[in-house]
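Input: structures, listed below.
One chain, chain A, appears in both complexes that follow, with chain B as partner in the first and chain C in the second.
After this line comes the complex of A and B, so read on.
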């Protein structure tokens, strides 16, 4: 069987057991239960700080009824950022490269925001389909365009995360292969390629965090529109 | 592209939502924060002038 560079994204199985189950259950070991003491250890203190600051940042611009979403959006942030960051370690599998997982998260959450908007304030929610100050002749066209852009949102959310992470992992594999192959032939070029690989890995760390944040931020914006 | 292989799609959907709904929220909720947020009132508090009770 010829290997291609895309094989790293196949949902791995070992003797028929899907290993994505392990990739989805083991990261939460890194989030221990806080003790009842007044001061916890460094890890817990940092996680506590992150959770509280993140929740405050995301929900500051959102109206009060939207604050019910605090738990689910913070859990989503922890979910995505842990999976993304752990996937950058060697020999790990990143579940967020799977389009199925990202669409499974994006579509229901987006749909929930739309349904909330349509049920509680339908006029206000539908009003987003027509920007203020449109010339009268453009109204039909613009409503069609805005409806399309509304329905593309979940697709964009899921595919954005998938594509960013897949492309990053693919680039890492390509450049690492190049550095490895060049090592016996042109060592200097191999060293330069390794430096490039180091910089790329740093970029991927940033991308992992940013993409998780963008996913949750956009969902919070969709929530704010509808609440 | 192996991500487009539809066979584990439903399983991945179900499993990821199970993890997302059952494992993560208790971990997030377990974190408590010591200071309750205080709503700020717009008026400055009325203070009475006072002197150091030296003697």
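After this line comes the complex of A and C, so read on.
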């Protein structure tokens, strides 16, 4: 019985095409291209507002060379937020629950920030490995620790996103099952469980948005250090 | 009615007997398929989303269609699950079509003016 709860994370195939292919291309349809008009339709206006607010927010603390990353980070944010939110619809598949996808997003982008740092300002980038004001005896230990923390960043980025979304989906399924199993037996408990389910769904909506934001924010922080 | 070649008629205008000819003449190359998808997308977009007072209906119908397609895609897998687990998915499924139907009905009854290129004849002078 427990195994069947994890089946939602397997990408089912129809005629050999996995559902993940549809799930990955759907965000493309939801963000239409602006026309040459002065004022676009409401959907585009809302999206434009969101994109400009978000870009301003993320790139304010970053200096000028980092602004080259505006396009990729903003499009990454839109991609993640739409994938996460679409996964909350019934019967849909969330590609970001797959660790492979999240690592594929995290590792190249993190590595790019590190390589940029090492190439343009190697001293400054290496200087991040040792915080200011550490006692002399602690220096070797701290350098090892900081190196480990540097290399764990892509792992943390990918796993954080995967774990949050997977755990959320699993919780929803478990609590929903509990609520409906309890309904004929103990109606009051079932109602309480349903209220819990409603709150959990709201939380999941929030988590979906927050996790996408955190991913991009941390990447921008790594960029800020290195550029 | 002018004599339009069978291949270029739209699907609803093709008579049943002409269906074979129509299917044979259509462009099923990847470029042709992409062009067809692009045409379909533009028709939907200009009818439901690119309008003066667009509401949630345009996007909601698209998402409802996506949910329906996902259900069909997973039917093999879902039919093996017992009824109890199925209910929890079904309940969430009820909210969505109702919301979509209400919003798409409302969108039609408001004065929807599709933004077409020919309607922007107003010059700055008045």
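Keep in mind that, in the parts below, the second predicted complex is superposed on the first by the 223 of 227 C-alpha atoms of A that agree within 3 Å, B and C clash if a C-alpha of one lies under 4 Å from a C-alpha of the other, contacts with A are read in each partner's own complex, and residues count from 1 in each chain.
The working rule: a contact is a pair of C-beta atoms (placed from the backbone, for glycine too) under 8 Å apart; a residue touches a chain by one contact, two chains touch by 3 or more.
These numbers were taken from a predicted model, which means no experiment stands behind them.
Contact with neither chain B nor chain C is seen for A:198 once the two complexes are overlaid on the shared chain. In the overlay built on the shared chain, the residue A:7 is in contact with chain B and with chain C. Within the superposed three-chain model, A:93 lies in touch with chain C and out of touch with chain B [touch as defined at top]. Legend: residue contacts after superposition of the two complexes on their common chain; A:130 is shown touching neither chain B nor chain C. If you count the residues of chain A touched by chain B and by chain C, you find the higher number for B.
Applying the stated contact rule after C-alpha superposition, one finds that A:144 touches neither chain B nor chain C.
After overlaying the two complexes on the shared chain, residue contacts for A:46 are found with neither chain B nor chain C. When both complexes are overlaid on chain A, the residue A:167 reaches neither chain B nor chain C. In the superposed model, A:24 lies in contact with chain B only, and not with chain C.
Of the two partner chains placed around the shared chain by superposition, neither chain B nor chain C is touched by A:111. Looking at chain A, you'll find residues 7, 10 touch chain B in one structure and chain C in the other. Residues of chain A touching chain C in their complex: 4, 7, 10, 12, 14, 19, 22-23, 26, 29-30, 32, 35, 37, 41-43, 86, 89-93, 173, 176-177, 179-181. Those residues of chain A lying in contact with chain B across their complex are 6-7, 9-11, 18, 20-21, 24-25, 28, 31, 33-34, 44, 47-48, 51-52, 71-72, 74-76, 78-79, 95, 97-101, 104-105, 108, 162, 166.
Every residue of chain B that touches chain A in the complex is listed here, in rising order: 1-5, 8-9, 11-13, 15-17, 19-20, 23-25, 27-33. Those residues of chain C that touch chain A in the shared complex are 41, 45, 49-55, 58-59, 62-63, 66-67, 69-74, 76-78, 81, 84-85, 87-93, 96, 115, 120.
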